[in-house]
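So that you can tell them apart, the chains are marked A, B, C, D and E in the order they are listed, and the count of residues begins at 1 in each.
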C-alpha cells in the first residue's frame, strides 16, 4: 500500500510536478514497472521539510513518449536515463541524455528489465 | 596549529598498532563466519542447501549421488548451514586460504535418510 | 582564452576508490565543465532480485554495497515485511537499530579517513582507520563478519547479543567515542584542514532541495531531514535529533558526519541499555500477497528508498532501490564547475560518492 | 687529481646515504602513523626492482630530460663537495628542476602536464629564496665560495643568517615534497594527479628519478649543514634534525594548494631573506 | 641478476582496480594499508598508477563496461606482473552470478595468478594471497634462471 498516491494522466504530469517544485518538495525518485502491455511510472516526492512522502503515477503504452522532468528537477537525469535504457521508456528531452548507454555498455543486454527477458537473463551462470 | 602533534608523538613512542599478521595470528571470534565444511557422513543429499544458497555454490546430482561445492563461489552467508536439517554443514571460524586454481569439492555423501 | 584540457578523473583513481569517471574540462586549473560517466559498477541487481526467491535477496541486497551492507539488508527485510505486513518483535527492532548505528559508525570513520586522504593528511587517514578497526571487531564479534554482516532475515534478526557481548560492546564503544572525539577535534580545528575545506563546493539550501540531495549533503546545507525522524525500528524510543549545519560547504559536510559518528555511538549505547527481552524473530510462512510497499531508512550517506512489489509467488514482481549517492551525484554538476583542480577530489568526496550502490 | 677522487667518492656514496635517508623517512613516517613500516633498505629494493622492469616506450624527449635532471643534480653535488661557488650551485639546481619540468611537459598525459605546471610553481617559489641565500652568504663572507664558509676561522653562518635558515627549512619541505607542499607529486599519499609529474615514467626511468631524489636529499642536507660548518659534525646533526622535523611537519598538516604555497614561501621566505640581508648590510656599515 | 630478483619479491607495488564490486572487498583491501595490518612491512605500496605497479589487485565481478578498462589497465603494467583476484565475486561472480550485466569472474578477461576467496575477503586473507603470489613469482624466477 502506498500512501498519498495519485494516479494522473500523462498530459497532467508536468503541471502536477510543477506544483511540487513550487512547494519546494524534494524529488526522491521514480519507479518504472512493466505491466505487460503498458509501462507504469511512479514519481515520488518528499515534502520538505519533514519526511512526508507522496507520489504521482502514470501509465503509458510502450511506444508512447513521456515528458522529461529534468526541466524542473535536474536531479531526475539519472533515473530518466536509467528507465530509458532498461525499460525502453521513451523520455523526451532529457537534460543530459546518455543515449541509452549510461549504465549499459555497448555489448550489454538490451532493455534488460522488461519481463519477457526474465528467462534469458536467468540462465547466464556464474563461472 | 599543530593539533595533530600529540597524536603522532603518542604513536611514535607508543609503538605501532600493527599486528604482524603472518607471524602473529589473532584467534578468530567464536562465531565468525570463516568457511563452510561438509560432513559426508551426515548429508542425505536432500538438496535444501543447494536450493537456498544465494550464490549457487552447491550443486546436487541425485543420479550420481554427488554434492559438488564450489568454494570460489561461496559468500559464507551461513544460509546452507541453517537450512541443513542433518547438521551436515558446519561454519568454521578460520577463513579459507587463497589458491592458485579454483578448487571444486566433490562429495559423495553416505548419510541415510532417517525414519524420523 | 586559456587553453582547455580535458582530463578524466577516474574510473580507476586512487583517491576515489570508486568506479566513476568524471570527464572534467579544465581551463588552466579551473574546472569549467563536468560530465559524469558512470556504468562501471552496474550489475543488474534489481533484475536478479526478481529471479531469486525472497530470502536469497537479503544477501544480494547486502551486496548492493559493502559499506552500508548491513542497512541494505535490513531495509530490504523491512520493505518485504511491509508487503504482508509482518510485525517483528521489539528486541529485533532494537538489534536492527544497534547494528545499523554500528555500521554507520564504521562508515563515517571510513569516510572521515578518506577525506583526510583526499587532502593529503595521511596520518589522520591512518588514525581514523585505526579507530575504525575496533568497530569492525565489534561487528565481527556480534554478527560474524567484518563487512557483510548478514544479520537480518525476514521477520527479525539472525543472531542475538548475549550479556558478555553487550558488556564488551559498551566498553569498546566508549573507547571509540573518546578516541574519535579527540581526532574529530583535530579535523574540525586544524588550520590546514580548514584552508582546504571551508567554502569549497558550497550548496545552498534551495539548491540542495531542488537537486534532491540526501543525507549529510542535504543536512549540511541547513535542511533538517533525516529518515530516522520517521521513528522506525527503535528510533522512536531513543533520543534522536537530526544534525544540521548551515554552511553547505565541504567543511560543513565533514562536520555533520563527524558529529553523526559520535551521535551514532551514543544511540548505540542508549539502545544497548534499553534493549528489551524477548524473541529475536517471528517465523514468516508462505509468500507475500500481491501488494506494493515502500520503505525509506537512513543510511550513512543518506536516505535509501526501497520499493517492492509482490505478486503472490515466491519471487518479487519488482524491486527498486534508490540509494543516497544516486540522489547526490547531480549536485556535483553544480558544485564542481568553477573550482580548482586541487579541490576536485575533496568536493567529489564530500558527497561521499558510492558508485556500487548507485548503479546496483 | 685529489679533487677528482673526492668527486667520484661523493657520486658513489651520496645515493647510498640518500637511499638510507629515504628508508628512514618511510620508517619514521610509518611509526608516526602507528604503523610498523617497511625495512630501512626498502628504497633499494624498490630501486633495483624498477631497474628490472620492462621499458614501455613513451616520448623519447622525456628521457633525455630525465637524464638532464640527473646530470645537473650530480653536477650541483660535485660543486658542493668540491667547495666551489654556491651561486652556481643554486643555478645548477634550478636547471635540474627545469629539466624535470620539461620532461613532464614533453609527455601527452594531462596529469603529467598539470604536475609539470605545479613543479614549475614550486621552482618559482624556492629558487628566489635559494638565490637570496647565496646572496646572504656573500654578504656575510664577502665571497660565494663554499671553501670560504668551511674555513676554520669563519663563524657559523647560523649566528647571523638564522632568518635565512628558517626560510631554507620551508624550502626543504617543498623540495622533499612533504605536506603541506606535496603539490606536484608525493611519495606516500595519492592525490588528484595520480602520480602527477611522474605519471608517465615507468620502470628504469622511474628508478632514475628516485636516484636523483636521493642525490637531492643529500645535497639539500649538505647545504643546511653548511650553516654550522665549524666543526662540521654539528652542521650535520642540525641537518638531520631538520630532516626529522620535516617528517613531523608532513604528518601534522594537510596538503595545501599551489597558489597558497607560492604565497607562503614568498611571504615568509623572501621577506625573511630580504630582512636578513638588509640587516647584514646595515651592520657591516656602508 | 640476483639482486633484481630479490628486490622484485621485496617490493611489490600494487594497483587496485575496482570492477563493479560492492565495495566490501575494496575497503578491506584499503584496510590492509592501515596501521593494524600495514602491508608496507612487505614493501607493498598502493601506487594508483599502472605504469609503476607490479601487482594488479582486482575486486568485484567483471561487467561489460569494466571488461574493456581492465584489459587496458592490464596492458599498461610493465612486466613482470601478477594479478590477484580478491573476493568471491572477483573469483567467480559469486552472489552476482545471475545479474544480467555481469560477465563473471576476473579470469574471463585477464589471467589470474591468485584467487582470494571470501565475501568480503578479510585483510588477513588478502595478505595470504599476496604472500602466495610472491611465492609463485619466486618460483617462476627460479625456473627462468
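The definition used in the following text is that a contact is a pair of C-beta atoms (placed from the backbone, for glycine too) under 8 Å apart; a residue touches a chain by one contact, two chains touch by 3 or more.
Keep in mind that what you see is a predicted model, and the values were worked out from it rather than measured.
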For this session: Please identify which chain has its centre, taken as the mean of its CA atoms, farthest from the centre of chain A.
Result: D
Exercise. Which two chains have the most C-beta pairs in contact?
Worked result: C-E
Seminar exercise, completed: Note, CA centroid farthest from chain C's centroid sits on chain D
Problem set entry | Averaged-CA centre spacing for the pair chain E and chain D, given as whole angstrom | 35
Seminar exercise, completed: For the pair chain C and chain E, the C-alpha centroid-to-centroid distance in angstrom is 26
Exercise. Using mean CA coordinates as chain centres, what's the chain A-chain D distance in Å?
Worked result: 58
Exercise. Where the centres are mean C-alpha positions, what is the separation of chain A from chain B, in Å?
Worked result: 40
Seminar exercise, completed: Among chain C residues, those touching two or more other chains are 13-15, 39, 42, 44, 47, 51-52, 59-60, 63, 121, 123-127, 130, 145, 148, 190, 359
Exercise. Which residues does chain D have that touch at least 2 chains other than itself?
Worked result: 30, 32-37, 188, 190, 194, 251-253
Exercise. In chain A, which residues are in touch with two or more of the other chains?
Worked result: 103-105, 108, 112, 117, 121-122, 125-127
Exercise. Which of the residues in chain E come into contact with chain C in the complex?
Worked result: 15-28, 30-31, 34-36, 46-48, 60-61, 63, 65-66, 69, 73, 89, 95-96, 98-102, 119-120, 122
Problem set entry | Complex interface listing, chain B residues touching chain E | 16-22, 25, 35, 54-56, 70-77, 95-102
Exercise. How about chain C: which of its residues touch chain A in the complex?
Worked result: 35, 38-39, 42, 44, 46-47, 50-51, 206, 209-212, 218, 223-227, 229-230, 291-294, 296, 303, 305, 307, 309, 317-318, 320, 322, 326-327, 329-330, 333, 358-359
Exercise. Which bits of chain D are touching chain C when the two form their complex?
Worked result: 29, 32-35, 110-111, 113-114, 117, 179-180, 182-183, 186, 188-192, 194, 250-258, 260
Seminar exercise, completed: Seen from chain E, its contact residues with chain D in the complex are 1, 3-8, 10-11, 13, 34-35, 38, 40-43, 45-49, 51-52, 54, 76, 78-80
